[in-house]
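Structures follow.
Two complexes are shown next, each including subunit A; its partner changes from subunit B in the first to subunit C in the second.
Then we have the complex of A and B:
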């Protein structure tokens, strides 16, 4: 008797950056682990959960750090079936199901379930290893496997090693009077002097050049009072920095910032959601900017004021705007927005690979319900959206 | 009650065509009467000039910008404040006198009324508190409206009835007298650090031009049938070559006619026009030139215009105007301290000390231009003597200006002995051409009394000695039948009236202030218009969204206005 009241046992606990939901059976223990640093409050998990075990809370406040010890979502450990649909469909890799301590996706193993299909590639031939995409990426998904040079850190790789080039330095021995100026200027040059002796007073010796330290900077050639040094560098056709820049597909959310900023057009991104996002700025009260702060893709912005000289009645900047090209239709902004009808999201398609089971189809239909936020919700403390159409 | 008889004075009163006629002036119970009893107190005015009390159409005497001038110029008081007198309170300040000094000095000059030229509507209580503390003289104050957000919007949409309803509400809320226009559009542009230089420069956001604002204000003014006309300080003040902007602005009157029951004939009063009559393209003496003739030719031909001079008095003074960008420009020219205030939704102001140094060419030229305007004016009923106090000089220098105008000798003396570049000034201005022109006392009375009162729509209250009018009268130590040979006598006599009555009360007797506690008035216009729901809604909306004060606290409270005297203008009748 006692046994039946004790099992299954459910609990939730928060440890640093994780929230762990637990179902303990007599022999088996299942966990759903939420990484709060990765969770953006997009709410896809709550929409896709077959058991309706996940609800959204104070998305804006949590994501802005105004509320501590709370996550953007909360999962009822008793309702959860530890199936892993949320894990598969979380675009931010914030959820994980573990069975007996091991990562496990029972739904994939047992029934089959598709996963997102998207493209995030950098054409190595076009990529020149510049720094643009890695700085622009809002998710730190760019893996820049390039040597660190001295321009970035003082003890980085020498800059002369960055180019694939052939450098030559020729000293005209006839002209060189072994004055020592070149060596005093440059670490790549040394003077091998024949020791001074009273027997034969004079300056003699030779200049020794360390190719690996030479920048071909020409300072020695210019400074040489006898014009005895000639430096030449021939850079190999198509030379570029060593290494490779790639996109970490686990982290990438297909916002396409990298694609838009790449100066070489080397990136191809194909998103996992089709659809549209529309901002109706007239309804935004201004002075909020929650959506801007929480957008995982930095796609939302406060338009810059028009300079006074160009200012006209109809040229006042809108209160809020989105660059739809950068939006992944995750829905975090709709969840966080305290107004009604400012932001509308309409997903029209989900790109997946793997078996499109009935379960998946019903989930996809839910994800495609157009939505906006609402001011007055029925249940206190939990996000409720306004389905449209 | 009290009766007075001013005996044997030589009377000059243009309102009755009286030009230097020996006659008695009788006062009873505050009014001019035909006869008084033998019990009347006698003021012996034989050998003296008797004129209606003076009326000042434009003077910065009360309010936030004047006070800022007083505050940030303590040196203006140093060694320049007379000791407290027998009957008077402390008097402080040279160019920006304290309220008490302001009232006493006007009384000494024989003035009964001064119009505060620029009242920011939001700051109206400040203006009224200072009016209360200014003794003897009656005052009015004009709310500044040419950069007001409501009006810019109504004018843009061509909604004159709405503009009228709003302006009427403002007059009532601020206990204001008339519609003042300062650098139309430019002061609003200054909110963004910009300006409107010509009458066609658009105001940022509001997308309206100064020309549209000025015509909008004139249409509104005549729609409301106000006693005074629109009172304009045009764009581009103080810049070489600005006379073209001035002419463009003046010509805007052409589509309008006066509409009022006060005998006012103009539709625009252009103030301190001296600052708006400049030619050339720099302040250098080989470029800068007077264009007073060109401007006054138009003024003379256009009955619908009145002007005042803004005469430079060659003093160290303080400039203060609602023309924010101009003051900023000025501080960059003279590198003296600058103060600026931008008033939400309404206007702005700037303050900079300025020395009109007779050793500079430009001060000399400005001095000449002012006098030219007064001398060129054909119809002296339409041109008034002011200094835009204290911008071109303090108002108590009026007697010195009268001297320059009444005596060619006095002018010559300045050119020869005071101005360093007298010859250059003669070269670049018209003052030489006018070398033997002199005003008469009759003309002076038109330019300081009769004409002014008419332009303000106050001809039944001030500027006349007619029987039945309020007894505001001044007696000066000048004998019109035997004019002084020494022009200094003019300055002395007009600067210290022998006797001065304000509303029948003897305020100055034998050159001394003897009474300053008479009930001075605050004259304002109570404008009544048809109910206007749209404007009521707009006002509520703007106060809710844009003002930092509440609508309920905006209007001046009744108890905040000192002896209000309302001129009722009801256009619903």
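Then we have the complex of A and C:
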């Protein structure tokens, strides 16, 4: 083999959830690693690649799991310069550049490129540690660092420990005849009985209360035949669950589901893209729903059918719709849509921090080209969009 | 020059797809578009080598010899007159014109006239007599149904384009989201390919559908709390989940098949299904439909209802009025009890698809005529085999889809070797019967050509010593 063909050596290999592109020089090895579970097929990497080394493939099929041994994007390991622009701009944290096995982003270290600037914060004072945002988040970006209570798992923390409260239980010894009912009902109560003896026949002893097990539920007080028990609980003002809810900024994609659903208005999200998304349902063929399945923000939905009572020819619900407030303008839907002109995305601005270099400006201009999908592409099996004005 | 014929209707299953495009040249079929694999084969079969081009009669040595149509018609007419109780059975695969002509022949012969319903959806008919038939056309399902239930039916294999034309995938007027707007429920003991297409699969214990219907009806009547934890192998929570889907549906439709008709309970599986439909109609709209098998098996039901008032198992032996009592006048029961003395197998294959104990009494003991375009098992043991034109390929006519919608079938090539259609054949048999009767031929329970063929009696093989 001729020397000229030996180095650099290029290869691509797929291992479980990763695709690894490799450039091997005599001493240095560069890798671009794609995490296929994180990749959403949004295509931002493909648009921003200075070397045009990244193409989009079967976005819908891959993301739905219909195609197993392929990723939504494919990178030419020989065209790639391992610059890391894709890594910086991937909103889903799916790409990583490694040099000699270590994560490496020299372009960022040398301040040659900015990064996304966005806000994703929860006001700790307003947050009541409810579960709404973590349930709603489509990316599992909510870190709910709260003790797990028995309502969630049987052996979780006791529910009374969730309250910052003072509980008192008083037994009126005059009235108490040591019948034992309270102790048989509640694990927080025991009776210390004076052993029965023929010498002095009767029931005597005392009720012992374990404060840490008491729920202040009042069952003992109500069940006591002699009305001898009084339970009182004083809850401290502003008492809320221990712990803290935060947003993992690595995972967050600024869809703002959490902001919209938070009952306390404790969340502030500022997106990294400005712009608009428009759905033209008249052109949607229906019965496809690929966009719904692959949207990383769960922003797209199938409108519910109108009840028969209100049903008229002109009131048939549209086949598809988007909640633009939840959309991050990532573009995955446009890439996956098999129809034409159904979805239009226009990005008008990108929020970044750091040096806005010429390279960045040229990339930003590309990201801001409005686009829709195309039915017939020039290259088979490769996503090609229709640029709009 | 090849010619493309459009809007051709397929003569296989009850879906009666009428959107086929067939390319023909010089009377040969070159290509079939839009049909499923089964339908495609029907058309190519017509142009294949080895078609039977004239009537054939079995000789004493067991071989077949070609005879003329006149001879074959004479044999059949004589057999029908001389027999005391001939049975004319089949008709799943011919047009309504043929079925009407056969009705006239049966009336003249005082025969028992029966169709494949008696071994297929006949039990559904019995249930319909009991409880009614709240049904619809397939277009209603396509345009409105948002909950579709395939209960004991497997269209993926039996009616291959049913799900794509009517039940699951089409985007209708009020169902613009296709299958994404429909909830599809499959009830079957097996995880069929239909179940794979469904959103909910209830794996019912084979033969326990009645229990499951009962549970569904309890839920519909508000007694959900009293449903046991498991019914017919299906967990209660799944029953409640599916009932909830049904109650929330805007238009519910149930398709049922042999899973109900052929399992324990027969007609009672169907009548409780129909009663469930009635219950669901208290809450929302619901219809039910039998997944009729052959492309025109609904045809004899309709034609003979016009002619005689009964859809199947019609005993015309009284000569003046018809009588129907499945169980007594149904083909398999008549055969099992040895109550017929001549048999015409038309547009079916009783040889392949009857229980062997029933067929051995027909095929080997009494004279038998098979009227069929091709050689099938019934033809191989018949005294006379009369080839006819294939409906939908070589001749047109009216056929009734599974929802009783008449579809105009058309011919794409001329009949092979100039063979007759079923209608022409039966008309000629009728005319010959009238001629023979004028000549004084009478019913005497004897026939001239009948020969028992002991060597063909199916017997249990003795194990080798």
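Annotations for the structure displayed:
We take it that the second predicted complex is superposed on the first by the 384 of 389 C-alpha atoms of A that agree within 3 Å, B and C clash if a C-alpha of one lies under 4 Å from a C-alpha of the other, contacts with A are read in each partner's own complex, and residues count from 1 in each chain.
Quick note on the criterion: a contact is a pair of C-beta atoms (placed from the backbone, for glycine too) under 8 Å apart; a residue touches a chain by one contact, two chains touch by 3 or more.
Quick caveat: nothing in here was measured; it's all calculated off a predicted structure.
Three-chain overlay on subunit A, with subunit B and subunit C in a clash. Touch counts on subunit A: comparing subunit C and subunit B, the chain ahead is C. In the superposition on chain A, A:311 contacts both subunit B and subunit C. Applying the stated contact rule after C-alpha superposition, one finds that A:104 touches neither subunit B nor subunit C.
Of the two partner chains placed around the shared chain by superposition, subunit C is the only one that A:319 touches, whereas subunit B remains out of contact.
Contacts of A:302 after superposition on the shared chain: subunit C is touched, whereas subunit B is not. Within the superposed three-chain model, A:285 lies in touch with subunit C and out of touch with subunit B [touch as defined at top].
Note on the superposed arrangement: subunit B collides with the subunit C stretch 127-135, while the other options among 127-135, 145-153, 199-207 or 361-369 stay free of clashes.
Overlap of the subunit B and subunit C interfaces on subunit A comprises residues 308, 311, 316. The residues of subunit C lying in touch with subunit A in their complex are 146, 169, 171, 173-174, 176-181, 250, 285. Across the complex, subunit B meets subunit A through its residues 156, 189, 192-194, 204-207. Across the complex, subunit B is touched by residues 308-309, 311-313, 316 of subunit A.
For subunit A in complex with subunit C, the touching residues are 285-289, 302, 305, 307-308, 311, 316-317, 319.
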